[in-house]
Amino acid sequence: MTKIKHLGAGTLAFSLLASTAALAEDLKIGMVVTLSGPPAALGQQIVDGFQLALDQKEGQLAGLGVELIVEDDELKPDVALLKANTLIEREEVDFVVGTVFSNMLQAIFKPVVESETFLISPNAGPSTFAGRNCNPYFFATSYQNNQNAEVSGLIANEEGFENVFVMAPNYQAGRDNVDGFRQTFEGTVSDEVFTPLGHQDFSAELARISTSGSDAIFTFMPGGMGVRLVNQFDEAGLSETMRFMSVFTTDETTLPGQKDAAVGFLAAGSWAPDLPNEANAAFVAAFEEAYGYIPGSYAMQAYDTANLIESALAATGGDMSDKDAVRDALRAADFTSVRGDFSFNNNHYPVQDFHKLEIVKREDGQFHTSFVRTVAEDYADSFHAECDM
Amino acid sequence: MLEIRHLSKSFGALRVSDDISLALGPNECHAIIGPNGAGKTTLIHQISGVLRSDAGEVRLGGRDVTGLTVWQRVQAGLGRTFQITSILPSFSVLENVAIAAQAKAGGSMRFFAPAARDAALNDAAAAVLTRVGLADRMEARAADLSHGELRLLELAIALAARPKVLLLDEPMAGLGRTESAALIDLLAELRAEVPMLLVEHDMDAVFRLADRLSVLVDGRIIASGPPAEVRDDPGARAAYLGAEA
Amino acid sequence: MARDRMIGAAIFATLLALPLLLPLVGADYLMGLLIKAMLLAIAAISLDLIIGQGGMVSLGHAAFIGVGAYTAAIALESGIEEILILLALTLAVTALVALITGALALRTSGVYFLMITLAFGQMIYFTFTSLAAYGGDDGLTLWSLATLFGSDVVQNGEGLYFFVLATLLATWAGVHRIGLSRFGRVLRAARDNPQRAEVMGYPITRYRLVAYVIAACIAGVSGLLMMQYAEFVSPAIATWQRSGDLIVAVVLGGLGTRNGALLGAFFIVLMEEILSSLLHEWRLIYGPLLVILVLYAKGGLADLMAPRAKGAG
Amino acid sequence: MSLTLFLILCLNGLQYGLLLFLIAAGLTLVFGVMGFINLAHGVQYMVGAYLIFAFTGLTGSFALALPLSLLAALAIGLLLEYAVFRHLYARPHLDQVLATFGIIIFLNELAKVLFGPTTLSIETPAFLSGAIQLTEQLRYPVYRLATIGVGLAVAIGLFATISYTRIGMLVRAGSTTPEMVAALGVNVTQLFRVVFGVGAMLAGFAGIIAAPIFAIEPGMGDNILIIAFVVIIIGGVGSIGGAFVAAILVGLIDTLGRSVATDLMSLFFGPSMANQVGPALASMLIYILMAAILVFRPKGLLPAKGVVA
C-alpha cells in the first residue's frame, strides 16, 4: 500500500529511539519539492505525476511497497536542506526525488549524495552538476537547464528575430537559461535583465522593454512569476508590438491564469501534452482523469522518474544494497518514456529530442502547449564532456 | 576647590540659569537656597555635567572641567547626590557602594574574577557604610530600604568615590525631624573633610552647616555672603526669606 | 543559587553522557538535533548578555551569527581549513563589525536601539544576498570543512558534538563569570539606573559597547559552528525572524538568569521537533503557546524550575 | 533612464508609499499612544488580502466584498485586542515583542491551513480593469492609478480626523501625554480600542487593495511590517504627518533605488552581478536612511510634539 506521509506525522520524535523497523515499508522514497509560494503548482504537478505512476502500479514499484514522504522546501535553501537532512537521517529513505528549482537542488545535493542515497531530479537540471561536478549518485530525468534556452535560440534564428530582450530570475537556472540562449542565438541581445526570484511586479521591466526596440522578448519565469509577467505584458499592450518566446513561462501550470493572453506565444521543450506517441496519449488521458487538469512537463518528468526507479529495481530484483548495481540499472534507463526516445548521457543527464512549441486553446476551452515540430534530435547538453564518469 | 564662572542655561525662552558665578573654598560649605523653580537643581545638573551649559565655566581644583562628560567629572573628583533618590534597586546595599568605590579604584574592565568577593572594594564600601550608619543593613537589597536609609545610601554612594567636592541636592528631602538631625550631624562632621555645595530647603540645616549662603531666584544669585549677613539682606528677605517667614 | 547551579550541572552531565548512550539505540539524527539545540543555546546565551545583563534589546543579533558563518565559509573557500585560525578570523571580523555598528547603535536606547539594530541586521543580511561569488540568495554548499590540527574529528558525528558541547560549556561559564565580574556589575548597574551609573563615574556607553562586541563574537562563533554542522551557509541564517527566535529563547528561558537562555534554546528546538512530528501544522500550537507563556509565566522557564535570584548573573 | 521609465517608477513608488502609509498609520498611533510594539500589525495586512480573496469568491463581486472585508478586518483586530493585546499594554516591550511574535506565527500558519501554501490571486475588479495609454507602446493599468487616488483620499481623511475632531485631539494628546488624557476623565481603554481597531482596519485595507496587484500568500505581512516600522521611525513615532512623509519617501527611494542601483552597478559589473549587488544595495537604502535618522535626528523627521519615548 502507498501512503503519502508528511514530515513524521504521527511519530513522536523520541519514539524514534525505538527502531521504526517494524513500521517500515519495503521502499522509502523522499520527495523535496516546492509546494509554497508562487511556484507551488510546479511542485504539485510533480507530486501528482509521481503519484499517478504509483497508483497505476497499485502502490508498488517492482513488487516493493512504496512509502512516499513529501516535503515542501518553501523555496528557501535552508529549509530544503533541513528537509533533506530529515529525510536522510530520520527517515533513512532509499531515494530522494527533488527538486523543482536548481537553487534548492544545490542546497540539498551534498548531504544526499554523501550519504550515498540516490538523488533523482524530476525537474532542476543545473549546469553545476552536469560537468566536472557530476556525481555517481545524481540523476536528472528532466533536461539540462541550458538546453531549452539553446533550442529557443535556434527557434529565434529561424523566426528571423534580430533584437531580443532577455529576462530571467536571478538564480542558477535563470543564469543557465540566459547563457543557453546567448550560445545559439545569432542576433543581438538588446538588453539583459535579472529579477529577484519570486518577482511579482513587472511594470518597471515592462517600461524598459517597451523602449528597447526589440523584435521579441525571451524569458524564463516559472510559476506565478510567469502568470504575472504575461498578464502585465498583455495589459501594457506590448503583445501588439513584439513577439513573446519563453521556456517554462507559458506552460500547463501557468496557462490557467494566463488564458488568452498567452495564445500564440512560442516555447521550447522536450515534450507537450499532444506529443504524438501512444504512451503519452495514455499518460495525459489518465492524468486528466485523475486530477482534472492538463499535465505539464513537471508531471511528465515525475511520471518518468517513477517509471525509471521501477525499471532499475526490476533489474536488480528489488535489491537496494548493491549501489553499483542500482546505478547501472538506472543508467540503462530501460523504461518507456512518454517523451519517446530517452537515454542517459555519461553525466546522468538525458539525451532527448527538443521541439518548437506554441500555446493553443483546446476545443473545450482549456489551454496547453502544442507540439509544432522537432528542432533538435538526440540533443545532449554541452557540459557532459567535462564529466569523467 | 570649585569655581563657577558666568554659568548660563536656557530652555527656549526660559532662562533657568543666568550668569551664575560662585566659588567654594577648601573645607567650606556653601549653601544655595531659593524658592521652588529658582533653578537650584538645574545648577547642580550643570555643575555635574548632566546638563550642558550654554555659557560659562566650571573649574575643579583649578582645572577646567566644562568640556568633560558626567563620568569624567566624577572621575575628576566631583561627587553628587540626587534630590530624588537614585540608587541601584536590585543590588545589595554593600554592592551599591562597592560599585561606586570600584569606579574610583579602576579595573572595571575585568571580566572574570567575581567582584562580589573582592575584599578591597568590600572593605572600602563597608567603611563608608559604617560612617553613614548603615553598617547593619549592608546585606539588604537596596530596594527594601526605608526612605531615610535610602537618603543615607545616596550619600554613601557619593562618598565612596572619595570626591574632592560634594554636590548635595536636598539631602534632607522627605526626612523626619530626628532623621534630619542625625544627617545634619553627619554632614557637619564631613564638612571638615570635603567641601560641599548644599542645596537645601531645611533652614535649620542651612544655618547649622553653611559657611556661605547664596540666594537663587529666577536663575540669578541675588545675594551671597555669610549666612548672618544674607539673613539681614533686605533684597533676599523680600524675595525669599520673607516669603517663608 | 545552589539549585540553579545543579540544574546547569545536570544539563551538561546529560549532554556529556548522551553520545555514549545514543549509539546503543542508533539515532544519529537525535545527535544532530542536540547539536542544533546547543548551537542555538550558544547564540541565545550571548544575546542574554546584552538583553538580560545589559538591558539592550537587539533585534539584529542573528546578523552576527551570519557574519561568523560567512567569514568562516569565505575563509574555507579560500583554502584556510584550520578551525582555530577560522575561529580567530571569525572573532576578528565579528568584533570589527560589532564595534562599528554598536558604536552607532548605542547612541540610541530602548525601542530605538531595537530598531537600529534591526536596521544594521537587515543591511548585513542584504550584504550576504549580494555575495554572488558565494551563492548570493541561494547560499553556498561547503565541499570541504574545517579541520582541527589537520584532523577531521570536528567535521561530524561525536567529534563535532563534543566540540560544540565544549564551546557551549565555555560560553555558559564565561558569560556567567562576566556577569559576576567587576565589568558585569557595572553593566547591570547601567541597565538598572543608567544615570546613577554615570554619576558613579562610569562611561556606560563604553561598557555597553564592550558587552555588545563580546556578545557578537560569541554569536559569530556559533555561526562558524553552524556552518560546520550544516555544511552550508545562506543569508537565511541572518534574517530578522532568526533574531526574533533568539529573543524568544532568551525571554522564554528567563532573562538574565544563569540557565534561562540554555533552557529556552533547548525548549524551542525540542518543542519544534516534537510538535512538528505530532502535527504538520505545529505552528498553530507553538504560536499560542508563546502568547500563553508570556502572559502567565513571567519569569520564564528558569523561574519555573528554580526561584529567580534577582540581579544575580 | 527614459522618461517613461522614470514616470512609471514614480507612480509605482507613490503607490507603494501609500500602501506603506496605510499600514504605518495604525502602527505609529498604537506605538505612540499606547507605547505598544505590535509586531502582529503586519499580519492584519495579510488578513485583509485573504479576506478580500474569500469574500470575492463568495459574493463574486469586488465591490460587495470590499465593505465585508473591511468589517471583518476590524472585527479581527478588535478580537485580537480583546483576547491578547490589552493584557500587554502595561508589560515591558520585550513581552510585547514575544507575544505578538507568537500571534504572527499562529496567523501565518492558520492562513496556510485554511487557504493552502500556494500563492493566490484575485482579478482586478472589472470596473477598474482598463489601462491608460502612457506612451505609444505602453499602457498603465487604471487599477494602480485608482489605488493611488484611494490611498491619498484615506490619508487626507485620516489627517482631517486627527487634526479637527475631538477623538483626533484625544489621540494626539494621548500620543504625547497619556496621563493627561486619563486625568481628563476620558476612558483611555476605550480610546485605545478605537485606535487599535481603526489601525487594524487600515492595515487590512492596504492588504485589500494590494491583493489584485501582488500575490496573496502566508507570511506576506512579515517583511512589510518591518518596512512599516522603518517608516514610523523615520517619520517620528506617533506622528501621522511624519508617517505620511516617510512612507512616500521610503516608497520612492525603494522603487527608484531598485532600478537606479542596478543601472549604476551595471556600469561596474556584468548584469548578473549588478543584479545581485543592485537590489541588495537598494534594499539597504531605507535601512541606511533609518539608521542615519536614528543617529542624527532620533525623534524622526516630523516628530509628534512632546513625545518622550
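The letters A, B, C and D name the chains in turn, as written, and every chain counts its residues from 1.
Everything that follows uses one rule, which is that contacts are C-beta pairs under 8 Å (C-beta built on N, C-alpha and C of every residue); 3 or more make two chains touch, one makes a residue touch a chain.
Computed from a prediction, not measured in an experiment: that's the story for all the values here.
Averaging the CA coordinates per chain and comparing them to the mean over all protein CA atoms picks out C as nearest. Between chain A and chain B, the centres computed from C-alpha atoms are 78 Å apart.
Here the CA centre of chain A is 37 Å from the CA centre of chain D.
If each chain is reduced to the centroid of its CA atoms, chain B and chain C end up 43 Å from each other. Separation between the centroids of chain A and chain C, computed from CA atoms only, is 39 Å.
Residue positions 136 of chain C each touch two or more of the other chains. Residue positions of chain B in touch with at least two other chains are not found. In chain D, the residues touching two or more other chains are 112, 272, 276, 279.
The touch graph of the protein chains shown belongs to none of the named shapes. Under the contact rule stated at the top, the pairs of chains that touch are A-C, A-D, B-C, C-D. The part of chain A that touches chain C in the complex is made up of residues 6-14, 16-19, 76-79, 81, 85-86, 89-90, 103, 106-107, 109-111, 170-172, 196-197. Of all the residues in chain A, the ones that touch chain D in their complex are 35-38, 40-41, 44, 72, 74, 170, 175, 178, 192-196, 200-201, 203-204, 206-208, 210-211, 224, 227-228, 232, 235-238, 241, 257. The part of chain D that touches chain C in the complex is made up of residues 31, 37, 39, 84, 87-88, 91, 93-95, 97-99, 101-110, 112-113, 222, 226, 229-230, 233, 237, 272-273, 276-277, 279-281, 283-284, 287-288, 290-291, 294-295, 298, 309. Chain contact summary for the complex, chain C toward chain B: residues 177-178, 180-186, 188-189, 192-193, 195-204, 207, 210, 310-311.
Residues 25-30, 32-33, 135-139, 141-143, 230-232, 234, 236-237, 270, 273-274, 276-280 of chain C are the ones that touch chain A when the two sit in their complex.
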